Amino acid sequence: MKLDPKNTQRAAVAVLGSATLLTLTALIFIIVFVLEKGLPVLNWSFLTGAPQDMGRAGGIFPAIAGSVALTVLAVLLAAPLGVGTAVYLTEYTRESRLTAIIRFGADCLAGIPSIIFGLFGFILFVTILKMGWSLLAGGLTLALMILPTIIRTTEEAIKAVPLSYREVSYSLGATRWQTVYKVILPNALPGILTGVMLGVGRSLGETAAVIFTAGSSLRMPASIFDSVRTMAVHFYLLAREGISAENAYGTAAALIIAVLSVNLLAYWMMNRMVAKRT
Amino acid sequence: MPVTSEKIMQRLLLAVAFSALSALLLIAVFIISQGLPFIFRYGFREFLFSSQWNPQAGKFGIFPMVVSTLWVTLGAMAIGAPLGVAGAVFLTEFVPRTVMRIIKPSIELLAGIPSVVYGFIGVMVLAPLIRDHLGGPGLSLLAGSIILGIMILPTIISISIDSIMAVPKSYREGSLALGATVWQTVRMVTLPAARSGIAASIILAMGRAVGETMAVIMVTGNSVKIPGSALEPVRTLTANIALEMGYATGMHRQALFATGVVLFVVIMILNFSASYVMRQRKARR
Amino acid sequence: MPDKIALNKFSVHYGPDPLLQEIDLEIQSNQILGVIGPSGSGKTTFLRALNRMNELQPGFTASGRIMLDGEDIYGLDYDAVSLRKKVGMVFAMPVPLPMSIHENIIYGPKLSAGRGWKYDEAVVESSLKAAFLWDEVRDRLKTSALRLSGGQQQRLCLARTLALEPEVILLDEPCSGLDPVSTAKIEEALTILKERYTVILVTNNTKQAARVADRTAFFLMGKLVEEGTTQQMFTAPKDKRTSDYITGRFG
Amino acid sequence: MKKKALYLLFSVALVFSAGCGKNKQSITLAGSTAFQPFAEKLAEQYMTSNPGATITVQGGGSAVGIQSALSGAAQIGMADLVNLPPEAKDLSATVVARDGIAVVINPANKVNNLTTGQIRDIFNGKIKNWKEAGGADKTITVVSREAGSGTRTSFEEIITGIELVGEALIQESNGTIRETVANDAGAIGYLSHGLLNEKIKAVQIDGQDCTTECIMTQKYLLVRPIFLLTKAQPGAEVQRMIDYILSPEGQQTIQQNGLITAK
């Protein structure tokens, strides 16, 4: 075959296409595997019931509540910080040594292993600040973990907002913050949501850092000072300690369905917003 | 009124902008203060370049873990980065937008699958496959690389797609108008323009690969040994910390924090080289 | 009558490069000043200097003075945000913000309205009427501005600027991408608007300046070559470069 | 803008109120993952008979148990080490149960009996193939626990003379040892005897079965204690909990679920 542009194009499409196919196959396999083993266990009483006999029987409601509470708390703490940092880096300052350092700091933070976050959270939040194993300690730790992802994705999203929008806004007498708030953030929202969803995903799926900071108590949390067990931790303990493979898969299936619904909800909201504007 | 609130907002954002950096410093100071004294006492070379790890006998050499971490991460990147970027390019450039709009969220959803689920599937499906068809105990360097490579795909694909989409349409149209094929346009125009976003996605993914703990513990076998092949079991730095921290006291505990210091330094080196590469490229442009 | 705007030895540099050199110029109210010159002559920099848009990009420095109603707008305590409310701007390319027509118009008034204050809803109708757009969009104010045609979008941008109730309107080649019908509509709007505003129109189209401007200024390589009534500039320019440009020898 | 300020205020308030929000009535047990399932079971029963009490059980490992008992993060630490480390000398330690350690292999493996010497050689890497220990021609996969694990420490102290072979797979819990051995026909490992099931096979050691009877009569070698650690003067609530675990009802629960009673 001659290497003219047309054939190169064909070859590229074939290679890229099969790479994509391979990726999707691997990812779909994981979902199908978990759902196939987990869906039979899923029913209303499994989702809303309290666990019995360490999770060997009964439901997983406290774990669902724990996952939701912990993730919401982490995102509430991290999203304002992450978006604020990205706004500062892109809109409030020029490229300088300072922005380079801040960005570098965020990248490094992204690379810190979750186990180190776990140790850090355990000593600082759980022990020194006397929060105990709690939603709060876990939420703070997770917030630090997902902060860099939110910063990076928000920054990319903000950079993608056309410069002309900013100019128009300023020319109409808007201050910097008004421009950010009314024009830049709404237009960057889809990208910001991507970052937040990645953060939600990471919070829901994290195990190491959560065990060390939020603990693994199987009771319903009554306040942010109570220890919780997330679905991921519950799955881990059930599967690894060989307590109940069935319920472990059921938990994993519930977790995947939960992430799916959160994603769908976010996309639905986002599409509504975009549709309103165009 | 607007002028003062503007000032307040600016101050507030400046303060917020330091959140990530101060978190990093706090963690760094904390880990280093716990681990560095041990490294000095035990001897830097002895700690880093000895292959003897036997806490009960007071031997703390982490060389096998350093080597294993590098291999597992490299393996994961070799699998995840090309697949991820290829997938992102294919989905943005060669597939109708509506299809992409369905696939992208589904891929992002996969970032929400707990790492322990990936690990568990690695143990139940991948390790037996490797054991039966390639040999060795199954729980191995190869299994770790494959599982990590798959785990980082959503991060790479999702962020790369965003940055490729952000390349102005006019660039693409300009190139196509000059008679370039779609692939030439991708290679010469789109990818270079989207480079910083793609690089960011790879750095984030690499961070996740180096730092992943639970899935790695589950699939790599955790032997303290410099791997002779991809089929042998290995132990990464993260696994070393997570495995033994629950039981470690005294010297042993300090040695694990010192492992954390090394891990920290490895990540700093990775980040420095990544940002150096990106700056070099930018300068050349 | 005092000058609305007066420039005194005003220069702009980008880094070390001069973009505008020692401009001296007086601009009267209730007139249209046409600004002509080849591209790169400093027309746009001049225009953006009048509402301090240049400073939004790092690297720009200004020296000299620009007086608006006797106040130096480059003075230390002069607020750029309130300046931009007094000196409105329409850009070369129509840039409707990605929101509804209605939201585009009230964007400016809402910003200055502040907490607890209501902007006047009537401003939507009056400014759209002044930009000759009302009849075309009165039934679909809540639809996205991005669905308008190019000509409609540019008139929307004009209406959006008018809604600020500014004193001066700056237009940066507002018709460069438009069809003759849309262009005529905008020109018609401008001749009516000058009764209430000071209008400064940068244009690449010398004939447009001849049609609508009361006075015309000719810029070349960052310098103001000549300024005078449009009639004098087009019939008896004092500088040879002006006549060469107007007659199409270069540019 | 207001919303963002609220968020920030909220997070600051959370941090500052953290110190004073802890509920004084609750007891937290933390530490040994081996004893964690039993502690959860015991806590469940204790709370049924004492509706006012709140017992929280956390894992983390024996070191976490000692650290958190020392720092007060937990009122009761759980540890399964044969010898407690020096840090624990200020804590009061109570043996609440004992645990036999079973040496396990894949059910497909025909070997039924190993001597202490053979076990030592296998874990040291001197015996690398099952045919040298009376089995089929198959490479041995040694599976052990992480350094410092109570089970491993006890195992190595009782078998004596073990310097673990480098190729050994390391698994972080009893459950994972069981899964690994169940999945690999050449594997050998050891785990808490309460977690034996049909997926794996316990071998006789020097001719002794790993059964409750043999452990009770001290014929079976591999046994380790499980400690509960408290501050020197535990509160009344904490003492009641420990007393409950030592009571006939508590001990019966422990035995029913596979551990050996304290005495």
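Worth pointing out:
Per-chain numbering from 1; labels A, B, C and D assigned in written order.
Quick note on the criterion: a residue touches a chain if its C-beta (ideal position, glycine included) is under 8 Å from a C-beta of that chain, and two chains touch if they have at least 3 such contacts.
From a predicted model like this one, the values you see are computed outputs, not experimental measurements.
Closest to the middle of the protein, by Cα centroid, lies chain A.
In this assembly, D is the chain whose CA centroid lies farthest from the centroid of subunit C.
Note: centroid distance subunit A to subunit D, computed from Cα atoms, is 33 Å. One inter-chain figure worth recording: subunit C and subunit D are separated by 78 Å, centre to centre, where each centre is the mean of the chain's CA atoms. Each chain gets one centre point, the mean of its Cα atoms, and the points for subunit A and subunit B are 16 Å apart. The set of subunit D residues that touch two or more partner chains comprises 1, 4, 8, 33, 59-60, 172, 176, 179. Of all residues in subunit A, those touching 2 or more other chains are 80, 84, 175, 177-178, 240, listed in ascending order. Shown for subunit C are the residues in touch with two or more other chains, namely 81. Put simply, subunit A touches subunit B in their complex at residues 5-6, 8-9, 12-13, 15-17, 19-20, 22-24, 26-27, 30-31, 33-34, 80-82, 84-85, 87-89, 92, 100-102, 104-117, 119-120, 123-124, 144, 147-149, 151-153, 156-157, 159-160, 175-178, 191, 194, 197-198, 200-202, 204-208, 231-232, 235-236, 239-240, 248, 252, 255-256, 259-260, 262-264, 267. Contact residues on subunit A toward subunit D in their complex (touch as defined above): 53-54, 76-77, 79-80, 84, 125-127, 129-133, 136, 140, 177, 181, 211-212, 215-219, 223-225, 227, 237, 240-243. Interface residues of subunit D, counted against subunit A in their complex, comprise 1, 4, 7-8, 10-11, 14-15, 18-19, 21-23, 28, 30, 33, 37, 40-41, 54, 56-60, 67-68, 71, 73, 172-176, 178-179, 195, 197. Across the interface of their complex, subunit D is touched by residues 5, 9, 12, 16, 53-56, 123, 127-128, 131, 137-139, 217-218, 221-225, 232-233, 235, 242-250, 252-253 of subunit B.
Within the complex formed with subunit B, the residues of subunit D that make contact are 1, 4-5, 8, 33, 59-64, 66, 81, 85-87, 141, 146-150, 153, 156, 163-164, 166-172, 176, 179-180, 183-184.
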